[in-house]
Amino acid sequence: MALEEKQQHPGFYAILTMLIIMAVGPILMMLINSFKLDVDIISGTSGLLFMPTIQNYETALCDILPYEPEHLDFCALKFGGAFINSLIIALVSTLLTLVIGCMAAYALVRFRFMGRDTASATTLMVRMVPPAVLLVPVFGLWNNEFCIDKASWLGSLIRDNFGGRGDVCLAGTHSGIILIYVAMNLPFVIWILQSFIVQVPRQLEEAARMDGAGPFQVFFKVVLPLIKPGLAAAAIFTFRIAWNEYLLASALSDRDTKTVPILIVNNMSEFNVEWGVIMATGMLLAIPPIIFTLFASRQIITGMTAGAVKG
Amino acid sequence: MFNISKTICGVAVASVLMVGQALAGPYDDYADTTLVVNFPAHPHYDAVRKILPEFTKETGIEVEVDQLPYLKMRERQTLELGQDEGDYDLIAYVVFSKADYVYADQLENLARYFMNPKLSDPAYDADDLIDGYVYNIGFAGGNKGYLQGKTGSLFGIPYGSETSILGYRKDIFEKHGLEVPQTYDQMLDIACKIPELEPGMGGLSSRAASGHHASHAFLLHLAPLGGRVFDDSWNPIVNNAEGVQAANALKTIVDCGPEGASSFGFGEALGSFLAGDTAMFLDTTVVAGQIDDPAKSKVVGKVGWALHPEGTRRGSQTGGFGIGIPKNAENKEAAFLLMQWLTSKKGDKLVALAGGNPSRFSTHEDADVNAKFPHMATFGEALKHADPDWRPIIPVWGKINADLGTTLSKVLTEDLDVQEALDGVAERATAIMEEAGYYTWNK
Amino acid sequence: MSTSTSFNRLTPYVFLAPAVVIMALALLYPLGYMIFGSFREWDPSQAMGESTYVGLKNYITLWNDPNFRESTFVTLKFAISVVTVEMFIGVGLALMLDRNLRGMSLLRTLFILPMMIAPVVVGLIWRYMYHPTLGIFNRGLKGVGLESVDWLGQHALLSVIIADIWQWTPFIFILALAALQSLPRSALEASRIDGATGWQQIIYIKLPLMMPVLIVTCLLRLIDAFKVLEVILVMTEGGPGLSTEILALRISRTATEFRELGVAAAMSNYLLMLLLFITVLMLVYNRVMEHRAARASRMIEESD
């Protein structure tokens, strides 16, 4: 801060430019390559001299295009369907995590359940658990234990209405993946929201209660609107994890519930490395987080720093 | 009189109609069934997807394809086949999955279906299927449990059979007056000469990446050089002189190969050949289609094909996929009909013309197929040398294979001593075999 | 009246219940299930009930398994090197860029892009950039007439570390910057009046005061470094050899490829114990440092 009035050294700007290129360059390169044909990619003319084509995106999205792309014999990559799966899973799990997390955070702060320390410690503990550690038990439980017998009334109801065979298990359903994402994200969301709820003045709530509002009304009408910035930060982080996660989704999804990351990893098949299409699918997966970052970077930074710096 | 003849006519027409009904086509009962099939992401099965609409048109049976990379496919199948009721009606399995699935009693024995007069097509001509592949991929319970033998029976039909073949750049060989290698010595010699003759070009591109790839590349050389993984009483002999020679051949190839060869998977190895960075390619026959595809390849029309060079014997790869019906499938009979249609003479020819790998002798000799793919004759010749005992197809192979692949990768990248590395593999393999009970009868 | 009070007494439980139920069902129970399963020989096609109890066998096998040891070693090497390098670069950048620049917020936005996009995508971008002939690095090297480098072959671990540094240095940068900007101005002013140079300010004032935040940052990053999986999976699949096969990847391979859920569970448990150990160690260290920092700032204020 001592330097704020000084003119910056030109070398400083050079370093700055280099940093920006390093941070954004690889992503731009993916964007450019996603518009190239494979022949252009392997031919080695690394520059910008090529005929841009949307063929790669057509290949990726062939199952939801209204027309049949000419260069394809059949639609192999059902990217559109996976995109919809990813959206359902990410949006629903974000919404659930926020509602449930908010309520829990509110209870912890206002009703003085456990100290904030206990909550922080739990958060840290849960954050410590790598998804790979959850892989084995979640795979076993979701496939074998968290099941409804297909002969029971609920089981047969589901089988009659939704088709499929065998016992009704959590594995292979959207709900199964959503459940684990909600559980994984809850501690973090509770932790972040706590720091925002603490700042809501008590008098406001008491005033509302005087007017005859019940605890739920107070929560939804008074508290929630006041912690919007916190909610935004929490939402972005939850969405990001649910949108990007690969390992657990790949263990839990079946052919109808595959998410985009699974499709991308699967598509790097050894027999046919089609860089153009891979880059296009990567770009499609990256677009939502990039949009969030560009429009809500302040909330993201709040979310990131809330824990470490203030907590 | 007139009336009578009219009546007779009517009766005749009616009886023809009735007979027609009694002789309903084999597919009629299954029209509108939807089969769920699990196929690998593999050029042959890409070709299969092109011909499936034909099947649906002919039979009215719909087919929904779940296509996965083949290691993923295997993981998925492990899970699906283990359940009481599975999703898949027909699966394509990697040749080494045969042992696991049959041993766990998860595949239907096909005898029941071929005996069923309503399902079995009399014109199927099973003798026309390539013998080595039927025994290698479809057969279980024979000699050693996985080879041809009197105690065996059929659980699947080879579909997408591959063998190894040598592709070489005709232009480069001509330019430098090189002979197409017939033996291993010649091949290794040329592989290391190329980088000197053509700076920047690798000799032979081989897969070598850690795990499955490295192990596969090693096995490619092991059989022709006279080695085996196990002797007749299941003792590991990968570390004998032939084994060491095979590993050294692999190392030579990688060292004289294109840049970055030690981390190549199959895709990268092929990519390097397609980009014109290597002069030779020794691997599976499935690549032919891509090499001739101008959208992917820079070497269209420049590639010649030759048999896998001879070491102490001919021994090209037996590999690829078979198709079988899971025990827990929902529509087994319709699945059999699809399986039979795909592997019939007609289906085999259709898939060959679509760029797949035929599994019948007749298709390899077929004039139309040869007109479209001139290399088909060489490929058919190569299939005759395919070695059914190319790798041990036993349930614990997956584990030994993984260890072999990781260890060989260390040889290639970290300069681990070849003999020492293979000794380690043999020692760990012995422990695995011991635990699995292969030495029970030695005691 | 009485109903409303009882409702009030129940309210906190009602608010907490969904979170508790979900976490118990989908986190605690699975963890217990994993510990239980680690004592069993267990195949993916079996339910836990059908598996057989084998005591400590899985743990002992792993302990003696050179591959597992190598994997652990690779994991530690990876985690420690990425965190060390990222801390240095991240904090360094924060110190350098802690000035009132126009467009600072845009800069921060661009910097956090890499860590917002999916690890799978990061992996494929880098796999492409490291490609022996197509990749930008080897093309660049060739362009200036140098030997090309076998990135994902001979230098796989280094390549993976570089990719992780690219993705996660911004995290440390952002946190360090936030810490810097929340430092008490009085201390800095005072030191400036006392004639401290820029470097002296950094070493004697800024860094010690930032220390508690930096330790927490370091801990968070270290924990996350043990979770990295997708980037490596896409880039190298753990190869060549075991040179990039971190524990998370080995767990997933053991479970899916080798189909030994019991062993994979035991491995998960080892990893969890390792992480627990590191976390506790760092937290204890943090307590100590917090005390020192508090004393330091008090001293500065007193001298003021």
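As written, the chain order gives the labels A, B and C, with residue 1 at the start of each chain.
Following the convention adopted for this analysis, a residue touches a chain if its C-beta (ideal position, glycine included) is under 8 Å from a C-beta of that chain, and two chains touch if they have at least 3 such contacts.
Because the structure is a prediction, the values reported are computed rather than measured.
The chains touching subunit A as well as subunit B are C. By number of C-beta pairs in contact, A-C leads when B-C and A-C are compared.
Centre-to-centre, using mean CA coordinates, subunit B is 42 Å away from subunit C. Taking each chain's centre as the mean of its C-alpha atoms, subunit A lies 18 Å from subunit C. Looking at subunit B, one finds that residues 79, 83, 268, 275 touch two or more other chains. Shown for subunit C are the residues that touch two or more other chains, namely 44, 46, 133, 256.
Counting only residues that touch two or more partner chains, subunit A has 42, 268.
For subunit B in complex with subunit A, the touching residues are 41-43, 46, 49-50, 66-69, 72, 79, 83-87, 213, 265-268, 270-271, 274-275, 286, 290, 294-296, 298, 330. Within the complex formed with subunit C, the residues of subunit B that make contact are 71, 75, 78-79, 81-83, 104, 208-211, 258-263, 268, 272, 275, 277, 398-399, 402-403, 406-407, 409-410, 412-414. Residues of subunit C that touch subunit B in their complex: 44-46, 67, 131-133, 138, 148, 150-154, 156, 236-243, 256-259. Chain contact summary for the complex, subunit A toward subunit B: residues 37-39, 42-43, 73-74, 76, 143, 164-167, 254-255, 266-274.
For subunit C in complex with subunit A, the touching residues are 7-8, 11-13, 15-16, 18-20, 22-23, 25-27, 29-31, 33-34, 37, 42, 44, 46-48, 93, 96-101, 105, 107-114, 116-121, 124-126, 128-129, 133-134, 136, 139, 166, 170-171, 174-175, 178-179, 182, 185, 188, 192, 198, 201, 213, 216-217, 220, 223, 226-227, 229-230, 233-234, 247-249, 251-252, 255-256, 261, 264-265, 268, 271-272, 275-276, 279.
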